[in-house]
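As structure tokens, here come the structures.
Look for subunit A in each of the two complexes below; its partner is subunit B in the first and subunit C in the second.
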Partner chain A sequence: MSVGTLVSTRRRPSWREARIALLFVLPCLVLFVLFRFGPTLAGGVLAFTDYTIGADTSFVGLENLRRLSEDPLFWRALRTTLTIAVLAVPLSIGISLGMALLVRRAFRGHRLFRSIFFLPVITSLVLAGIVFSWIFSSGGPWSSIMGWLGLPDQAWLSDTTLVIPAIVIVAVWGRFGFGMLILLARLQDVPRELEEAALADGANAWQRFRYIVLPELYPALFFLVVIETTFTFQIFDTVYVMTSGGPANSSYVLVFQLYDQAFRYFDFGYASAIGLALFVMTFIVAMIQRMTIGRER
Partner chain B sequence: MTRIADTTTSAPAENSNGARPRRNTRPYRALEPGRPARIGRGVLLFLAAIVTLFPFYAMVVLALKPVGPIILPDSLVPWGLSLEAFERVMGARTLLRWTFNTLIYSVVSVVGVLFFSSLAGYAFAKKRFPGKEVMFWSFIAMLMVPYHITIVPVFILISNAGGVNTHWGMILPTLANAQAVFLMRQFIKSLPDELFEAATVDGCSEWRMYVSIVVPLIKPILATLGVFVFLWHWNDFLWPLIVGQSNDMRTLTTGLASMNAENVPLNVVLAGSVVAFVPIFMAYLVGQRYFKEGVTMSGIKG
Partner chain C sequence: MRTRKVMVTGAALSAVLLASACGGDDGGDANTGASEPGELEGSVTMWTYPVMADETEHRSFWDDTIAAFGEEYPGVDVTVEIFPWADRDQALTTAIAGNSAPDVVYFIPDQLPGYARNIEPIDPYLDDDAKADYLPNAVEAVTIDGQMVSAPILASAVTLTCNKEVFDAVGETEYPQTWDDLREMAPAFKDAGYYMIAYSGDVSQTLNLTFYPLLWQAGGDVFNEDGTDVTFNSDAGVEALTLLQEMVEGEYVAEDMLTAMPPTEQTQLAQGNVACAWHTEGKNLVEFWGEENTVILPPLTNVEQVAYGTVGSLAMLSSADDKDAAGAWIAFVTDAEQVATYNEASGFLPVKESIGSLYDGDPILGEAEKYTDLTTVGPLHEDAREIMGVLAPEIQAVLIGQKEPRQALDDAAQAAQSVLR
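Then we have the complex of A and B:
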């Protein structure tokens, strides 16, 4: 092949290449316009309308947001969601960290333990919800354990206070394996020489963890805080299956309210306003992460 | 990254049955826990494993018990088993239909997502065209928008198009997967340009080039991403709940949730749960690496 054709094939593509590339991107672009860009915009616009099924739609301005601010159920759902996040995120990450440290070094069966701890992560939350509603039922294993320990043995899912820790337990059970894997990957990067040197200098296990291992894990821990917080903000499946928001709305979370408003009352405008609130919350968490990470560096 | 983690640490364990490879372990042996610490670790891990596995054990054992009231501790001992619950749940026939719907939803989505995202990812990684950067970053911006916010407008769109209670209505919106496009583009970008240039020089048509050069090169990411997308769809709940409302159009997750809400005995619901769980579990046993990579890479629960 001559140099001439080589050069020409390299130069020619500009518009031919662009046409083909656009053709390759086109299916995705159409899908994104229809199902991501469009709906994201529409979601924002809908929040300012009274859109519902089988009725005329009109702009209502800030009416939905005003309703939201005066809706005790919304504030309650917001509080419940935040409570779950505040309890579940540190607990889940703490257990992830503990488990990652325990299975960090090679020993007989360490891979089996890793696989076991990861199993809940790939399990449907609906199945988890079904099994855990039995575990937490009256006369179920959990209340039996509580009874043995001399604690009140009521059914946690039917108690307006205890329902929250029950949901947190399921969330943590389903999630800690994920954090464990992320942290394990980071733990491999901790330089062994540093730890050995610290050991030689007489640092105890806690000091080695605190001053050598932990700083290495900060970025991963930040990442986990954001991802787990976003995840708990969107909790739905387990609540739907285990409590349907009850008893007496005590486990009513934001996504559940969104679902209720949209698909039980067909109040799409109001549901979109709740969606907007969720979006703002997620956005704030992401921004806080950006700022903290930025400062770290 | 998890694969690296696994291979580096598992090497000594592999041949630890007989003689311990002292040569390898010696340099950092001082960091290895002493005997009491090892025992403590073993006990903790054992307890944690029991707590983690108990729900699975309960699901399987209760599913294998004769249908009836559940009394502790008798109901948890693994004898007096029967297939009654499985017969009842399979006999209803709806479970087969739900399994079929779940399979369609998962398999078609995997094929669609992989195909469309690899086409776009390839163009974004190796081609020059106007608006490329803007387009790519607006795709990525969609990662920031939670799925629950678009769900109402997407439902209105699908319902106006007559897609409620259809397979296509359920599948189509999930094909716009920003994560898949992003991961594809990153992976293809990391491949050397020479691989693609050689083919261009050979006068290979773009389509043939995609089929015979790009696809074989991206097999690793196709596998990882494929497993992840499959798992995500298999376990998906909210969207199938909204769009597949008739009993005939339920998936395993929404179907089992509806069974659980009705007055179906727990043994029977759990037998159905076992049916929904076993395929994922089998796949996990075979291709753990892909599950771990897929889930950690995308950072989202399946």
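Then we have the complex of A and C:
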């Protein structure tokens, strides 16, 4: 029986079954609308106002977006955010894939390794940021490693060029465990028989990975690319703790600007406009990824 | 320019005090509730922060104060909540937006303009004697548009603090008094393996403690007289930033705090490798340097001799339900006797004339107390904090050698144009 036959013979759920299913989904849906969709919508509306706490709010049309387009700090923050995403997303997914392949097979202590690799995901990024601030400080462990490699002892977080790689390292450290878990789950579904058959036919390790394992991972990889890109666009905690956006604004990211405008300067209308820009950017990138990577599924 | 600004503000202040004095009993008209303490009813919630480092001691102080207030105002229920300093504006703005704001909040002057529209002026709730007892600079620090928006409760003077142990090690017997002294002394300290100064250049650090004292000492200011434009890119600003640049390029400044804010105990300053600093109160360095080595000095002098000093105050939010009760609580807490107890317990300086000197003979606070007249709370401007947001990264750019002072300040001034409302 082909897959097509299976699909065509699948019974449509009855209205009664659908209602029961809806009942189960309802609590989650209500919470989602209340705490996700609602605030997003409200943020979108605020972007067209001059809302600030305690003052009368008026509709300002596209003024906040016009101001945004002329704000050099916004464009700089956008460039920094994109740079971090371009560096962090492939690196994170690459390491996730490598780690997933490493701990895929059962070997002595493989569960322990899986747990250790996942540990950063459940570690507070604020706490991690404090520790990494020390690691990257002048005379810290990182500069010692650089010293052993013959590179200059330099405080990475105080250097306008090196601060981005430092943040990328922390972001990847904090995320690769999640990706590893997703890919590991998918790897369990790759039929062993196919790999064994390919091995019997003389396929080497790379060929088995390229033509058997990787195609099976496409859906998970697509999911990870979207999730990791979204996460990286929203990076804030580590930047806030490690650099405060410095030195000289070189690690100032979009969410940091949003935070500053809302909670330091109380300009919630403008902050919402930044949020709206971030949402549109994330949406466009996700659509592009869906049309390119997603199509290969 | 600065002198003129002080004069103008002083004139406004005099007008406020005069109006209060002339108003006589009229001042109490705005307090529309029950005038007798025993009749007053309501509940008051106050948010404050770890003004006292010891949380138990701090909690105990407020519990005792609430009990004392309760004896006088049995119908008023007071709750004091102590929140962390970090992200306090975020918590407060969220609470205000969510209609769950407290009735009374502890503010420092540079917060006040941002919250001014949410604050109920405190003038009508304080009696004339209480207002007249305030030191003029304390009233000036909380006066916006001719009205006292909050009631001062404490002050500080963040002057120059030097490490005697470092000076002894270098063999230097004099402490710096002027910018030129810093320049002349710095090479000897460097040769002996010490830094002349520490500069806290992290962008989250308020410039009131770091760059602005230099700007003021050079005779400059952040805003023009009517607050319509920034003036930090004046020749005075360039001179101030050039001093910093010279000190950094000469390797006379500890690098660890130039662009980041590491935990204090990890800094060169705390570890006793820095001679002097002006961004933190001397009392904060005692635990690292020892009281015997912590020398509190007057502010550095260039064109002017001035330093930053804060004025902590209690303000009533306009959303307070029981305004009379909140006003009575603020008046009670900021009474001279209460203020003196609070100041002594927290190690801050008095804001009332009648208290006099609290720390006579104390080598740390007693010395700091002498210089309160030489302090300013910084610009009281609605955009003051946002201006810091555009200026601080440009100062960093100079400190890490990316820009020259003139260019950095001009760039910041240009960016400030989109900030000024």
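Note that in this section the second predicted complex is superposed on the first by the 250 of 297 C-alpha atoms of A that agree within 3 Å, B and C clash if a C-alpha of one lies under 4 Å from a C-alpha of the other, contacts with A are read in each partner's own complex, and residues count from 1 in each chain.
Keep in mind that, in the parts below, contacts are C-beta pairs under 8 Å (C-beta built on N, C-alpha and C of every residue); 3 or more make two chains touch, one makes a residue touch a chain.
Everything numeric in this text was worked out from a predicted model, so none of it was measured.
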item	value
Touching partner for A:Ala18 - first (subunit B), second (subunit C), both, neither	first
Partner chain in contact with A:Leu157 - subunit B first, subunit C second, else both or neither	second
Which superposed partner A:Leu73 touches (first subunit B, second subunit C, both, neither)	second
Partner chain in contact with A:Ile93 - subunit B first, subunit C second, else both or neither	neither
First (subunit B), second (subunit C), both or neither touched by A:Leu184	first
Touched partner set for A:Trp134, first subunit B, second subunit C, both or neither	both
First (subunit B), second (subunit C), both or neither touched by A:Glu195	first
Touching partner for A:Val253 - first (subunit B), second (subunit C), both, neither	neither
Comparison of subunit B and subunit C by subunit A residues contacted	B
First, second, both or neither for A:Val172, with subunit B first and subunit C second	neither
Residues of subunit A contacting subunit B in one complex and subunit C in the other	133-134, 244, 262-263
Touch list for subunit B against partner subunit A, complex	1-2, 4-6, 8-13, 16, 27-28, 30-33, 38, 41, 44-45, 48-49, 51-56, 58-59, 62, 70-72, 76, 116-117, 119-120, 122-124, 127-130, 132, 135, 138-139, 142, 144-157, 172-173, 175-176, 178, 181, 200-201, 203, 206, 210, 231, 234-235, 237-238, 241-242, 252-254, 256-257, 260-261, 266, 269-270, 273, 276-277, 280-281, 284, 288, 291-292, 295-296, 299-302
For the subunit C and subunit A complex, residues of the former touching the latter	87, 89-90, 93, 96-97, 114-115, 117-118, 202-204, 255-256, 258-262, 266, 318, 383, 385-386, 389-390, 393-394, 396-397, 399-400, 402, 415, 418
In the complex with subunit B, residue positions of subunit A that touch it	1, 5-6, 9, 13-14, 17-18, 20-22, 24-25, 27-29, 31-32, 34-40, 42-43, 46, 51, 99, 102-108, 110-111, 113, 115-135, 139-141, 144, 173-175, 177-178, 181-182, 184-185, 187-188, 192, 195-196, 199-200, 223, 227, 230-231, 233-234, 236-237, 240-241, 244, 255, 258-259, 262-263, 268, 271-272, 275-276, 278-279, 282-283, 286
Residues of subunit A that touch subunit C when the two form their complex	53-55, 67, 70-73, 133-134, 137-138, 155, 157-160, 242-249, 252, 260, 262-267
